[in-house]
Amino acid sequence: MSIKANDFVLEVEGLTVSFDGFKAVNDLSFYVNEGEIRVIIGPNGAGKTTVLDLICGRTQATTGSIKFRGKELTRMKEHEIVHTGVGRKFQNPSIYDDLTVFENLEISYPRGRSVFGALAFKRDKEVIREVEATAETIFLKDDLDKQAGLLSHGQKQWLEIGMLLIQKPDLLMLDEPVAGMSVAERKKTADLLNRITEGRSVLVVEHDMQFVEDIAHRVTVMHQGKVLSEGSMTRVKNDPKVIEVYLGH
Amino acid sequence: MFDEYTMSELTSILAMQGFAGLILFSVLVLMALGLAIIFGQMGVINMAHGEFMILGAYVTYLTAKLFETYLPSLFDGYFFVAMGLAFLASFALGVLVEWCMIRFLFKRPLDTLLATWGLSLILQQLYRTIFGAREVGVTLPDWMMGSYPLSETIEVPINGIFVMVLTLFISLCVYLLMFRSRWGKQVRAVVLNRPMAGAVGINTEKIDRYTFGIGCGVAGVAGSAFTMIGSTGPTSGQLYIVDTFLVVVFGGAQSLLGTIASAFTISQSQSTLEFFLSGSMAKVITLLLVVGILMLRPQGLFALKIRH
Amino acid sequence: MRNPSDLRLSNAGSPCQVSGRRLAVKALCALPVSLLLASHMAWAAPATSEVNTTGLAVTDDTVTVGILHSVTGTMAISETGSVQAEKLAIDQINAMGGVLGRKIEYIQEDGASDWPTFAEKSKKLLVNDKTAAVFGCWTSASRKAVLPVFEQYNGMLYYPTFYEGLEQSPNVIYTGQEATQQIIAGIDWVVKEKGAKTFYLLGSDYIWPRTSNKIARKHIEKLGLTVVGEEYYPLGHTQFNSVINKIKLKKPDVIYAIVVGGSNVAFYKQLNAAGIKLTSEKPLLLTISVTEDEILGIGGENIEGAYAAMKYFQSLDNPNNAAFVQAFKDKWGKDIVIGDVTQAAYLGPWLWKAAVEKAGSFDIDKVRAASPGIELTTAPEGYVKIHENHHLWSKTRVGLAQKDGQYKVVFESADLIEPNPFPVGYQ
Amino acid sequence: MQERAKALFMPRQDLIGFAVLALILIVILPLILDVFRLNLVGKYLTYSFVALGLVLCWGYGGILSLGQGLFFGLGGYCMAMFLKLEASDPVSTKIQSTPGIPDFMDWNQITAIPWWWQPFNSLTLSLIAVVLVPTLFAFIISVAMFKRRVGGVYFAIITQALAAILTILIIGQQGYTGGVNGITDLRTLLGWDIRSDNAKLVLYFVNCILLFGCLLIAQFIRKNKLGRILVAMRDREERVRFSGYDVANFKIFVFCLAAAISSVGGAMFTLQVGFMSPSFVGIVPSIEMVIFCAVGGRLSILGAVYGSLLVNWAKTSFSESFPELWLFAMGALFIGVVMAFPNGLASLFLRYIEPYLPAWYHGKAKPVQPAEVVEKAPLTSTDTQPETATSKSTEKQSDETVPVNSLEGGVYVD
């Protein structure tokens, strides 16, 4: 590899993870540029979600390296990875049902993250301003005092995206952000993503091809834990290997 | 510390101590199997497990009385009848408990723990009211008593062999039931994906009920067998509960093989330590060892690696 | 003032006067004249103001006592017998006219096998209910828990269990044996009669077995004999195969076992299964913790051939005991068995009655002052007497366990053994 | 929006709740009860320390410990050791073979006070130890467990095993601990007779004050960001982790806090009852304390107090009249609370009483503060688990459904 390390936000090299002998991700390498929206697609079981899990520390890699802004992530704890600037959204909306929208966002606000920091945490003007601004972005300004469990499915997805935004991550990882959304909500989400990606890199796992075309700068196709093809959407779409996998599927 | 013994004494002690460990192993497996089925397959913590065992013991006691009075000629064989009845009684109670309690508490394992603890209190008092506070003595047929001398110094307790054979038999039954029968397949399907199992036409409620029932039934058989080596009283069940849970947890909740392996590990370390230390210290060290290993391997000895 | 009971001695001494159930009559027949100090003639009862100057629960025709045992929890197994014995004694006393002309009423509280509950309930019995005496407790732990309460509120506890000694409270009468009474005679017997040289000491892990084994060890060593092993297992332990192997290895002449509760059952069953036939007496087993009550759970066939050293066995052959056993069975069912502690519990109300009548008062201080020297010739175990140190002079017997769950008495100490709760040289 | 910024430490309803409890404990009960009964209430209140700790770590944090008796016991033992040393002066122990040491040591042929008893000669050190020793214990346990992500049922069973271990140890080392009897016959605290009626009264009030101190700490946590993180953690541990929090640290903190609070209860127990025994360290009392908490309402800190009082009062009066029935009642209580009222008495209050209280109780017209929704309606996220009987059984009272405590953390660790 002749490319210099600091050209990329994220460098994944030779990444392998095996579950009891089954290699869910096998010698995978890819690189994400600063400010890029990268979408990972692939048939079920290709290892897409596992890649996100590996990057954010939820799963430990068997071998290989993941570098974020030159920092090695594979040995870090989840929260440390978050502190370096990586944010992750889960496939199913993962929010705190028992708390209000306001509190959901407030908890995600990156201050008072240690035990004693939390004890000393004050809900000052700055926090309120940030929360309100974020709520506006994710279309939930009027629902701040609503209990999060009572939101609609789409709103929950947005709330989770909002919870990531307020962390101000440099790398945003989204796992099927539009799954289960109505057509109108999808549209709104695509706009939202396009707006919030300014100034940060985004890694998205998605099935919805229309949505992928809407947002992707580049696409990585995974199959059986390996990269099958990589490039622009158009290029990938015409790759015979990809066509075979998808049709064969 | 071995200086004082001759070689032959040492060998025989080693053999007998190994055998003591094997008996303990069988006892632990018997205790834990029922719990492993319920905990592993349903995620339900059954704190009344000990009381289900004692139910089996009381059934054995009643059967013995019955045979003594009405069928003294068949007394030698009553134990097998008793074990069958013990299974049925515990199974029936288990199904009943599942129907009126457990099924409302799915997905709330910590709550099942509290509710079944309440159940155990009620059962204890029930036994006390029916059978009296005193322990009852279960008379065993003569052939089950005493020991079989292998050599001059090595003697093998017959009831120990009986417990071992029984354990083998029950484990085999459970294995066949869980892994070789249609029913077992359904159970495992429900464990892996409940909505999906329901969608393909498996009656998940029925599966749950019978799984719970069978777990309790196995406990009943264990209780029946324990009349040979332990006491039968209203509170005897409590003696077993912590050990049983540790065996299951240590083994990795969802693996029957793990339960057996952990029972083996715990029994061998316990009986070895008991030989060198006092009984109390042996127990403390064994428990600490288990807790320590659980910290290092929280998923237990034999947990499956699961992909998120 | 003295109770004019002498006047009525002849009267009350005749059982024909007592209109009661058969059990009462039977029991009374056994009671010699000297003890029948009370009467059922209310006019003879001394005035309440005279017999009760400290505000106890005494009225013109009743006196209230407390019964404090576990009827729930793990100890209910053992304590049930004591409750039954105490109720029987109270019934019998009432049938004879009560104490100082007053019927005994009892308030029963449940200690629930939990020591703090014992403390709480004892406080209630003394402070709220003002009971004139409390019959209760079983384990040392429960006694230790209530002891400060009895001392603070000046109550009187009749404690029935054989125990480790090392205690002597002005507020407790110990109707069971303390450790030296029970242990030394038993060991002497086994050494003399069976020629025992080596001992293996075994016990449940708490104070009574440990202290008792300590005394046993000292005594054995004093006799120039050897202890080849000493082991303790947690209460409720159910696996004894390892220790049985150790015993087989050490080949002691005597296994000296003080295992209690549910562990007992497991121990004897496993001993039997491991091929140690107690009837062959190789090794011989001597216990001080297995009464007829425990044999019910163990099963006679599992313990047949073991020896037990204590002061009472149900099979004791004397008229007192015959009447007592009969009365007990009439009241509580024919299948019931009576162990050492049950008998000791039965003594409680009678000893109290005698002390109250000697003192002519229910006042605790007067009863305490009157207690030393109180004799009971009607005790099922035979003659007993309260020592200055509040323990009983009693005989120690050795029984051989039979298949039917009874003991056959094979030895009885010639004299009453003096209680010695603080044995010099054994600590 | 200003309202949101306002400190919500003690909203009106909570203030009234605290005041009512204070009125009951500090004014009404001492007026209507004699010293004996008041002392009993004092004893029950010591359990409510444990229940309060459980509200924090189980109700809020989702960590069920079945070994809280361990901390209650350790706190109690630390206190008892001090009192025992004071009670064992050479004069009052002159009949012993070695005067001046605790009686049980003498019975076990120990001739000198062991080194680790020495600090308990000082009241200051003892009081520090009362809180520090159990907390340290809790710290070691929780660091080992939570850093390894042991959680849920596994944690519950392991704490149970630890309680069993400590009980066996205390009983086995009777020369140093008093064994199964415990440490008994405690008389004075710096010469002040703790057995007198006067002392009982004073201790009762000290107990109340300490309890309110702990309640205020709990209230602070509850209304603080930390409290919200605990709730968040209970619902979605993973999410909290990916919001950049080291979840284990929060669990360790709340577990240690619960242990510290329990230990204060234990020390007060020793002072009021006059002894400490291993029967508090074991499994059975630990589980009973969970039920005190559950009856009061696992999400209600005041409920913990009412729960302990009520269950124990019922236990005492029930077992006075029908000892045999007590276990049935207790068992039924366990099952009933878990199945019908997962949030205990507190949910009954919120549902049936609070709405009918006069306006001054609610303050402004707004009946429910958003920040308090947590207490009122912890919703099960029904969308992720739509089937199962859970929803069926709680249909009628869907706002009382408890949060799901999942098996997570034990099984699905890589």
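Per-chain numbering from 1; labels A, B, C and D assigned in written order.
Heads up, the rule we're going with is that a residue touches a chain if its C-beta (ideal position, glycine included) is under 8 Å from a C-beta of that chain, and two chains touch if they have at least 3 such contacts.
Note that the structure is a prediction, hence the values are computed from the model and not measured.
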Pair exhibiting more inter-chain C-beta contacts, B-D or A-D:
B-D
State the chain with the largest centre-to-centre distance from chain C, centres being mean CA positions.
A
Distance between the centres, which are taken as Cα means, of chain C and chain A, whole angstrom
76
Please compute the C-alpha centroid of chain A, do the same for chain B, then give the distance between them in whole Å.
47
Starting from the mean Cα coordinates of chain B and chain D, work out the distance between those two points in Å.
33
Approximate Å spacing (C-alpha centroids) for the pair chain A, chain D
41
Got the chain B residues that touch at least 2 other chains?
125, 128, 238, 278, 280, 283, 305-306, 308
Which chain C residues touch at least two other chains?
71-72, 205, 232, 234
Could you tell me which residues belong to chain A and also touch two or more other chains?
58-59
Quick one: which bits of chain B touch chain C in the complex? Just the residue numbers, please.
5, 9, 13, 16-17, 19-20, 23-24, 27, 125, 128, 132-140, 145-147, 149, 153, 155, 157-160, 228-236, 238-240, 270-271, 274-275, 278-280, 282-283
Chain A - residues contacting chain D, complex:
56, 58-60, 77-79, 82-83, 87-88, 90, 92, 94-100, 102-104, 106-108, 110, 112-115, 118-119, 121, 123-125, 128, 132, 145, 147, 149-150, 153, 160, 163, 167
Looking at the complex, which residues from chain C come into contact with chain B?
71-74, 76-77, 79-80, 205, 231-234, 236-239, 241-246, 248-249, 261-266, 269-270, 272-275, 277, 293-302, 405
Mind listing the chain C positions that touch chain D in their complex?
71-72, 108-110, 112, 114-117, 119-120, 123-124, 127-128, 139-141, 144-145, 147-149, 152, 164, 166, 205-207, 210-211, 214, 232, 234-235, 422, 427
Considering the complex alone, what residue numbers of chain B touch chain D?
43, 45, 101, 103-111, 113-115, 117-126, 128-129, 194-195, 198, 205, 238, 242, 245-246, 249, 253-254, 278, 280-281, 283-284, 287-288, 290-291, 294-296, 298-299, 303, 305-306, 308
